[in-house]
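Next come two complexes built around subunit A: one with subunit B, the other with subunit C.
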Partner chain A sequence: MESTSEKLSSPSMLSRINIRAWVSKVPLLGWLIGALIAVGLEMAIGTPLARALGLSKAPTLFGFLIMLKKPLLIPGAALYLLLIYLLPIGLIARFAAAALNRLAAILADFSTVFSILIHLALLYLALHLWSGLSDYRVLVVKLTLIAVIVTLSLNVINGYMGEFSCSHPGFMALGAYAASVFTVSLFVNDKLFGVAVLPAAIGPFFFPIALFLGGVAAAIGAMVVAIPSFRTRGDYLAIISLAFMFIVKSLIENLEVVGGPRGLGSQPDWANLPTVFVTTVICIWVINNFVRSTLGKALNAVRDNEMAADAMTVNTRRTKFLAFLFAAFWAGVAGGLFAHVLRYVNPSTFGIQKLAEVLAMVYFGGLNSVYGAIVGATSISLLGEALRPLEIFKWIIIPLLLILVMIFRPTGLIAFKEFDARQLIQPKK
Partner chain B sequence: MSMLRVENMTHFFGGLRAVHNYDLKIEPGEVHGLIGPNGAGKTTIFNLITGIYNPTEGEVFLEDNKLNGLAPHEIAAMGIGRTFQNMLLWRHMTVLEHVKMARYSKIGYGLIGAFFGTPRRNREEAESEEKALKLLKMFGVAQFADQWVPNLPYGAQRRVEMARALAMEPKVLFLDEPTAGMNPEELVQMMEIIRQIKEKFDLAIFLIEHRMKVVMELCERIQTLVFGEVIAEGTPDEIQNNPKVIDAYLGKEIVE
Partner chain C sequence: MVLLQNLINALQWGSFYALIALGYSMVYSILMLFNFAHGDIFMVGAYIGFGVASALIALTAMGAFALPGWLILVLTILFSMFLTSFVGMIVERIGYRPLRAAPRASAAITGLMIGIILETGNLALLGAQRVSFPSMIDTVTYDMGGVFVTNKKIMIVVVSLLLAGALHQFIRRTRYGMAMRAMAFDYVVVPLMGVPLNTMAAMTFALGSALAAAAGILFGVAYPVLDPYMGILIGWKAFVAAILGGRGSVMGATLAGFLLGFIEIFVAMIFPSTLRDLIAYSIVLLILVFRPHGFFGEAYSARLRL
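And now, the complex of A and B:
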């Protein structure tokens, strides 16, 4: 019976099932090592290969920029993408899966924490080498990682707690300015704050403190939104939070001490890739820990039914307060990083456009999900960069994509899914 | 000393007097029934005792601790668990998460534990999960532990709500029409569950119910509420034969 049914299914069906089957057998370790090898290949033969394919230099962002700018170069760029990235990763996934599964099993058995660290190290190495080939790539990677922090922290309020908060750019601004004022006033000779108080050499050790202060400043600001949230929900709270964003923006515009509308510059260059990467990993770890604990699940209970939450001993006020302050803290940290990556901030950065961007990332990726936040932030910020040559049409394509996602998956691409690093590193059978 | 004591409670909604001079005494281990026609104020009394409304007058005590003025979650944590007439469950949470959530007030690991996943947090979460699974098993819904609640059949949802209330380890359990919308078969099962709760847990039950059969079989004492006033109180037999109760439910007999 089985053999006849196998014969009956068409070859194309069979191959599709096969691809699915072997993709599902590749452990995360396989993808990471594949990516690493692809990056190594690009370092070794990227430029000559690109020349041979008729491109002036190796494509910086998977060839999308080239394809959109000069349609004639599409075959070359596509071939480059295939040869450098897809083929090596595919081959590793296809032929090394069994061996890597065994390796993943050994690592996981040895120690979960160790295995997770190895995976992270591989990911970092791939990112580091990939972005090492051009400054533009470094900037894109840093901004994407920062976007992940912002999206994840907004997801705590909008997804996990189900309040529509619009104040996130405001929190970011508070964090960006607080961290910048700290670093610029202490370590930089600047015309706004005068000469440096401390030697710049010890500065990088104080950078985590600067980020922390940025987070704390944002959290203090968040009280303005958190306290009204005890009494009002839904649209009204959304408007309060929107008002908060504008208040912060115009407050900074009118504060000549920090440069007013001209902005604040000359931040020291401490937000290098390792710093941003480690901060992002810590953020994901802490937020994921929180939302999976009973204290964090209380956010879901408050969202789905506040009265029932109250009756089940959940302190709803504390929960809301905590959610706002916690989310704002991370937005503030992200703001601090953002300021030190660009080494210049001005208040108009943190306006309605930023808000739209962050909201798009949250709702595109998926509510109530760490995966969703990572996917949403990465895809929207990479898409934003890749579609840059289209100029104004970029702002037609991205919203259109968002509308499509909302039609077919109203809660986002990967919503309501628990992120479990332990499961992620397991070998696949 | 009685478990739950309400003295002279009166409540107004604007100009409407919803509850008038209500008194209640529930002894440990007792099943106390509250019956009355629609709109009599039964659920309002539940909401007044559990702190959702603040009574205009009167005092509520749980084991001589005054409850007036406390927030609903504080009253719940002191030992009043409840279910709701229209089942208030959390749409996007699994059955297991529901039951674990009710142990919120018993969490000792605090924010540090929640943020950094300390050993203490892992231990407490595992403990709470074990207790939750035990309860789910007792209520026959353990097979749904990882399901979202809206995917469950109605009777199972009712049981999850009850398991959730019991996970709080309450001293008094408030059941607001636990058999609403149930068919005769489910009704019998639910009555069996309530009987089991009474046997296995050390608590008193305060029960609102419409169906006479349920109240008469389960309760030791019954109050009849009409327009916010208790018109009769006593054992099931006394209530059944009380002319005032019969009047309230069936209307007055017209004497020729």
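And now, the complex of A and C:
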């Protein structure tokens, strides 16, 4: 890289390489603090600045919605984006990089766990303040975080284990309904389940239990798919999982106890941003440890060659069984969160369309990679929101994008990459 | 009586599944890939049939030529099959040919996405309102001792059986059919023997799409309301039938298509119709658990390309 950059004489090429050079010097801490400052700036002067630039209010989603709706306002929205977000982040990254590197080094030397917690706190603070400015943003952030959980858990089966599982909407549905039935029947006065048994005040403490129950319900359901997976692989397993998804959807439609096709509503409003954020962080932590453990490596061995893995003393049945149950558990947790964020679920939410969405996230981001799952889920959900003004053309652009990704990077954008939080928080030299 | 009546309904319902499942099955036998856009090709075929039929009817009404209704129907089916086969070839060219060397799941994703593009494209072009399929032949109901059979039902079953039979003969008797069978036997070596892989792949997609178009038109004749999402559910169910039939088996796919039709209709007859999907898929799941390679599939699986 060094020798080629000297040969390049065109100024634009040089400046691009320079940007890359100084971007690579900024530690994660720098980006987080930059984002925090940008958000603070938006809170302080966002609305007046937007008015001055001719916008009716501060852009909710980085100005994409405004730009697509009213092309005349593009310069204003772009300028807003530049002044509020890009400039502060860029300046912090450019001029405070050295100091922040030293700070990151001190933190990392002091204690890795502490440093990671500080990073997470900064990230949460930025997200919290940013989404605090409008209800729409809160919803987008929550749904994106839930999408990360779902994508990550599907990546365990489709990426790390190499099966093509279509059952994730079914697992989500099981989790969503199990968690909702638990909370609604115990804490809410409801037409379906009657009067609340326990006072609503202690309810939020039971919310983790509800999510756990949702996960367990999904894991129990996953046995229907996991046990046939001992004998069959590949396409036939794909069909079994697809059939499972149809069965779950149809089962719930026929269960009048939980509302049948009309759905189940009036979930308590406990899935606030901190809860969703903490659950997502725990999920990333647990799944990352899982896939880096012996069991996770055994999964890769089963994917690459089941017979060879068996010969190398991998207990293939146990591995597959656990992986299915584990992935389904997290899908169930995500389903429980999903139900409590929207505070209404109905069976048709968890159909083919959901499946296409989740699969798109997994394969867009990249197989066998925690980074990939995070990137895929975030970009597809944000893209889905940002392109909303295009209405149905959104569903032409996103699939086209995905086809291009598949053609040029068949395993997804960031595939086969290990996620290491310890490395992430290191200062950059 | 009720039993016989439902048997006839099941035959009609199963023939849609059978025709669509054939497309899945053929592509699978040659490329070891599933064409997940196939359900939407069925939808496109139905719409193309709608366009062709409307044009022919309009021409007849203007007095350009005088054609009886059944001839218009036959022409519509043939012409739409021809046109839709190009849709299939385009899908293969865009979504599958660039991904020959990629993992199989990636191709499944491109297929899925092309399906979404076809649905949305249709929605963008024609709008959200449903179109009603023109009726080309009058319904005649025959009363056979309490069992009512319409001429349309007979026509649908006969046409789909004819098409499936024609495909079977094509694969058994012609050189191209022989090449397809060879390709299904060994995907890697046969192209080295001079069989052009790209031509065969395009032809397979074209044939499958033509059958899907026929299914679309027959569907339009039986249930004359078309909407852009009609291909999703029926397509995925036909996919299940294709798997049930076994890898790349024409007979298997046809039989499994009819079997799925029977299961669905008879479940709806015995139980409340809301339980139809639940029981039908539970049966499918049980069949696959005990017979993991389908009815006619061989035990060696997608080992070559996994």
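We adopt the following convention: the second predicted complex is superposed on the first by the 420 of 429 C-alpha atoms of A that agree within 3 Å, B and C clash if a C-alpha of one lies under 4 Å from a C-alpha of the other, contacts with A are read in each partner's own complex, and residues count from 1 in each chain.
Just so it is clear, a residue touches a chain if its C-beta (ideal position, glycine included) is under 8 Å from a C-beta of that chain, and two chains touch if they have at least 3 such contacts.
Just so it is clear, the structure is predicted and the values come from calculations on it, not from any experiment.
Chemist: Answer with clash or fit: subunit B and subunit C placed together on subunit A by superposition.
Modeler: By the criteria stated at the top, subunit C and subunit B fit after superposition, with no clash.
Chemist: Decide which partner touches more residues of subunit A, taking subunit B and subunit C as the two options.
Modeler: Between subunit B and subunit C, the winner on subunit A residue contacts is C.
Chemist: May I ask you to decide whether A:195 touches subunit B, subunit C, both, or neither, giving the answer as first, second, both or neither?
Modeler: neither
Chemist: Scan A:232 for contacts with subunit B and subunit C and give back first, second, both or neither.
Modeler: The answer is second: A:232 touches subunit C but not subunit B.
Chemist: For A:240, is the partner it touches subunit B (first), subunit C (second), both, or none of the two (neither)?
Modeler: second
Chemist: Give one of first, second, both or neither to describe whether A:316 is in contact with subunit B, with subunit C, with both, or with none.
Modeler: first
Chemist: What is the contact status of A:399 with respect to subunit B (first) and subunit C (second): first, second, both, or neither?
Modeler: Touch partner of A:399: subunit C, not subunit B.
Chemist: Quick check for you: in the superposed arrangement, does A:251 touch first (subunit B), second (subunit C), both or neither?
Modeler: Second partner only, subunit C.
Chemist: Return first, second, both or neither, reflecting whether A:72 touches subunit B, subunit C, both chains, or no partner chain.
Modeler: A:72 contacts neither subunit B nor subunit C.
Chemist: Using only C-alpha atoms, work out how near subunit B sits to subunit C after the chain A superposition, in angstrom.
Modeler: 11
Chemist: Would you please give the residues of subunit A that touch subunit B in one complex and also touch subunit C in the other complex?
Modeler: In the superposed arrangement, which is not itself an observed complex, subunit A uses no residue for both subunit B and subunit C.
Chemist: Which of the residues in subunit A end up touching subunit C in this complex?
Modeler: Going by the criterion above, the answer is residues 158, 162, 164, 224, 227-228, 231-236, 239-240, 242-244, 246-247, 249-251, 253-254, 352, 356, 359-360, 363, 367, 392-393, 395-396, 399-400, 402-403, 406-407, 410-411.
Chemist: Inside the complex, what are the residues of subunit A that reach subunit B?
Modeler: So the residues of subunit A touching subunit B come out as 286, 289-290, 293-298, 300-301, 303-305, 307-317, 322, 368, 416.
Chemist: Touching subunit A in the complex: which residues of subunit C?
Modeler: The contact residues of subunit C facing subunit A are 28, 34, 94-95, 98-99, 101-110, 112-114, 116-117, 119-121, 123-124, 232-233, 236, 239-240, 243, 247, 274-278, 281-282, 284-285, 288-289, 292-294, 301-302, 306.
Chemist: Sort out for me which residues of subunit B touch subunit A in the complex.
Modeler: That would be residues 50, 52, 71-73, 76-77, 81-82, 84, 88-93, 97, 100-105, 107, 109, 111, 113-117, 121, 125, 128, 164-165, 168 of subunit B.
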